[in-house]
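After this come two complexes, each holding subunit A, first together with subunit B and then together with subunit C.
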Partner chain A sequence: MTLSLERVQAAHGEVRVLHDVSLEVAPGQIVGLLGRNGAGKTTTLRTIMGLVRASAGRIVLDGVELARLPAHEVPRLGIGYVPQGRRLFPHLTVEENMTMGLLVRGAGADARRDVLDLFPALRDRLGQRAGTLSGGEQQMVAMARALCVRPAVLLLDEPTEGLMPTLVARLLDTLGALRARGVGILLVEQKVDAVLGVADRVVLIENGRTVRQATPAELAAEPELLLRHVGVRRR
Partner chain B sequence: MTLGLHLAVLAVLAALQLVLPPFHHGMVARVMVLAAYAIGYNLLLGYTGLMSLGHAIFFAAGMYGTGLTVHHGGFGVAAALVVGLAAALAVGAVVGVMTVRTAGPAFLIVTMMLAQAFYLATLHFNELTLGDQGFILPALEVTLAGRAFALADPAVKYNVALVVFGACLLASLGLVRSPVGRVLVALRENEERTRLLGYHTGRYRVLAVALSGLVSGLAGATYTLLFSYVGSTFAGVLYSIYPLLWTLLGGAGTTLGPLVGTLLMTYAIDVTSGITDAYLVIVGAALVLTILWAPAGVVGGLRARWARWLP
Partner chain C sequence: MPVTLGPHLLLALLEGVVGALVLALTALGLSLVFGVMRIVNVAHGAFFMLGAVVTWYVSSATGSFLLALVAAPLAVGGIAVVADRLVLRRIGYEPESTIVATIGLLYILEQLVLMTYGPYARPVAAPIYFRIDFGWFGYSGYKLVVAAAAAFLLVAAWLALSRTTLGLYLRATQQDREIAQAFAVPVGRVYSLAFGVGGGLAALAGALIVPVQQAHYLMGLDALLLSFVVVILGGLGSLTGTVVAALVVGLADGAVSVLFSPTLAKIVATLLVGVVLAVRGRGLFGEELA
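Moving on, here comes the complex of A and B:
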């Protein structure tokens, strides 16, 4: 399933946040969305999920227009979302958090096993309350729960936030494994090196407008692009 | 183990009737009916995370639905009970729909206002309800296997209360372990996150309020059948506060908490009111101390310290 955004506009009340956002996430492709703070990265994800209403433009998943659907319908069509800060159900166990994902689309033991194969460390934590886990484990649970819905496209908002470097590397490996399974991933991240290391394509967003799309190799060849649009100087 | 514990609690309650003196026999029967009311409240506060200050509307809907049909329509026990349950379910669904976009203090205030409107209606239509004074039901009987049982008989009263309480307790246990119950708990934890997993949270909220109303209404209908009285007092704000206190004291979000809270508070009031006129001061102090010791309530405290498997 391909997710595409065409000239999407969205506002928080009277304040327009997205002016013109266009991008595409194909199956088995990781697309990084980079921009400065306040550029509209998180709002783009929330608009895809129906939490912020698109006032113009199209959001299409495999021919189905998402922009007019209620928020609870979007995950059922195959989009998983891991928000910034994980937002687990802290008083539920890891198993119960995952079950909430499994129940939505009637996924069974196969889906559960597949997800635990991706995050084997969670097997020993299934009975533990999610709120008592470390930051890295909580991130795993958040992703595991989203994957239990069996999404075709996964939206990740700053998944490496607060994680130590070894965990970041492990998480990026997991994204690679998901790509190999055909899951399309839209990755919002502050760690530019992490995005460039794993993404197939990068979309730069500035003031609510997607201003450039490029491969990591192209961005490496034109470092001034990152400096201009993201504020990061790479060596 | 969990089901076994609940069945053991019901077995103890069943056995108690053989040893209790007459006063406590009637008292425990009343506690069981009120604990069923608290179970209804707990479905909303403990498992869905919605604090209502107007639950008397459901208790009174069941009570008036049953009582009015007996008093004015001459209905039998079973038919009157069905009307009472239908009334409570309908009121629950309406309140659920009306409050679906509210949360926190707004939900609390809207439910309180709706219950006050219901209370005022019971006073306004006093030709039908006899207002504050209320009305007494005639002696009622239930027929089982060709044999008639008078509801005024203490043994019948006790066992009907036990059956109703047992049904509510086991139903609440089944609900919280079911997929629907898990979604309600997820709603309590984080409504937006639940919606983003693909759940129609509004629909689940209406369902939670309607189910809570149904169980509370069953308690109200049973109360009026067993104790033969209907009055607007039961629609007042005090009967909205009681289930909140019972549930908090026993443990919100625990299946046995409502019984423990109702039992403790009813007996605390009974014992202290025999000692002093200022019994509410003593009860209030005891409540504060209990909550300080166990902020999650008695059963919630036990669960946190020693029995994490308690539902």
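Moving on, here comes the complex of A and C:
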């Protein structure tokens, strides 16, 4: 299933945050979304999920116009979401957090087992309240909860935030494994090197507008693009 | 003539336990509504009163108290769902607006009952009548049945919240409404359900207690006051806290009512809230539904 955004606009109350966002995520493709703080990366993901209403433009998944659906219908079409700051249900157990994902599309024991195979450390934590886990474990639960949806498209907002380098590497490996299974991934991330290392394509966003799309190789060849639009100078 | 305290204490204990369990059932509805929807439902006492009045109507018309016990929570829960859809949803569940709206709902319900049912306190015959002899005095068997039924319903509510998908959705919505939506929870329907079940629980408590108290259009005021005391004391949104606080307040209320006066009991309960809030602002059990 391909997710596409065409000239999307969205606002927080009276303040328009997205002015013109267009991008596409194809099956088995990792698309990085890079931009400065406040550029509209998180709002883009929230708008896809229906948590912020799109005021113009189209958001389409497999021919279905998402912006017309109530927010709770969007994940049922096969979109998994790892929000910024993880936002687990802290008083629910790890098992219950995963169940929230499993219930979205009626996934069963197979999905649960597959996800636990990806994050075996969670097997010993299933009965523990999610809010009592370490930061790294919470990130695993956030990923596990989203993967329990059996998503065709996965939206990740700062998934490496607060993780040790070894855990970041493992997380990026996991993204590669998901890509190999045909999952399309839209990755918002502050760690530019991490994005360039794993993404097939990168979309640059500035002041609520997508301004450029390029491959990691093209961005490596034109480092001034990252400096201009993301504020990052690469060596 | 020597005064023995034993019978008074036993009577206070019995009255306290019965009152505490019914109070826990009533307050559970208020706690559920606050926990999930983050609104203060001032009309909760009116739902309790409506439960008693509907019980009087149904049992008078059909002669079946059991039928009334089923009809009252369903009817009042239905009214609560309609009120949610027509009023609360339209004002976006904004905290201050919902307080004003539920005060309005309280007056509308009370005045409708006054206009149709009248200002009288009407009795409903208990479905079963027997007395248990404690030596010093005989005690109403029906009151003990009420306590047992309330305890059973509290356990059932706990199981529903902690073991069912619906309970999982309610708890998830309480903890993060937005992320619950991102995991396919229809939050609007969950809100209606919480308000309906909250009203239904209050009505059930009113229906259970009406053979003991009589149905009257102002009977919800004490229930509302004590429910607020219990929910604040236990910690807003905490089921465990609600039950523990109801036991504390109910037993204290029973003891002070029997040994001194019911008015002093209400004063003590209110002071108790003041002390707990001064020492522990979030109540005894914090912020969690089950």
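Here are a few things to note about the model shown:
Assume the second predicted complex is superposed on the first by the 235 of 235 C-alpha atoms of A that agree within 3 Å, B and C clash if a C-alpha of one lies under 4 Å from a C-alpha of the other, contacts with A are read in each partner's own complex, and residues count from 1 in each chain.
Rule of thumb we're sticking to: a contact is a pair of C-beta atoms (placed from the backbone, for glycine too) under 8 Å apart; a residue touches a chain by one contact, two chains touch by 3 or more.
Quantities reported herein were computed from a predicted structural model and do not represent experimental measurements.
After superposition onto subunit A, partners subunit B and subunit C are found to clash with each other. Touch criterion met: A:Y81 reaches subunit B and subunit C at once.
Of the two partner chains placed by superposition, subunit B and subunit C are both touched by A:H72.
In the superposed pair of complexes, A:L92 makes contact with subunit B and with subunit C alike. Of the two partner chains, neither subunit B nor subunit C is touched by A:L118.
Of the two partner chains, neither subunit B nor subunit C is touched by A:A56. Taken together, the two structures place residues 49, 51, 70-76, 81, 83, 87, 89-92, 96, 99-101, 103-105, 145, 149 of subunit A in contact with subunit B in one case and with subunit C in the other. Within the complex formed with subunit C, the residues of subunit A that make contact are 49-51, 70-76, 81, 83, 87, 89-92, 96, 99-101, 103-105, 145, 149. Remark: subunit A residues 49, 51, 70-76, 81, 83, 87-92, 96, 99-101, 103-105, 145, 149 touch subunit B in the complex.
Interface of subunit B with subunit A (complex): residues 179, 182-183, 185-186, 189-190, 192-201. Of all residues in subunit C, only 165, 168, 171-172, 175-176, 178-187, 288-289 touch subunit A in the complex they form.
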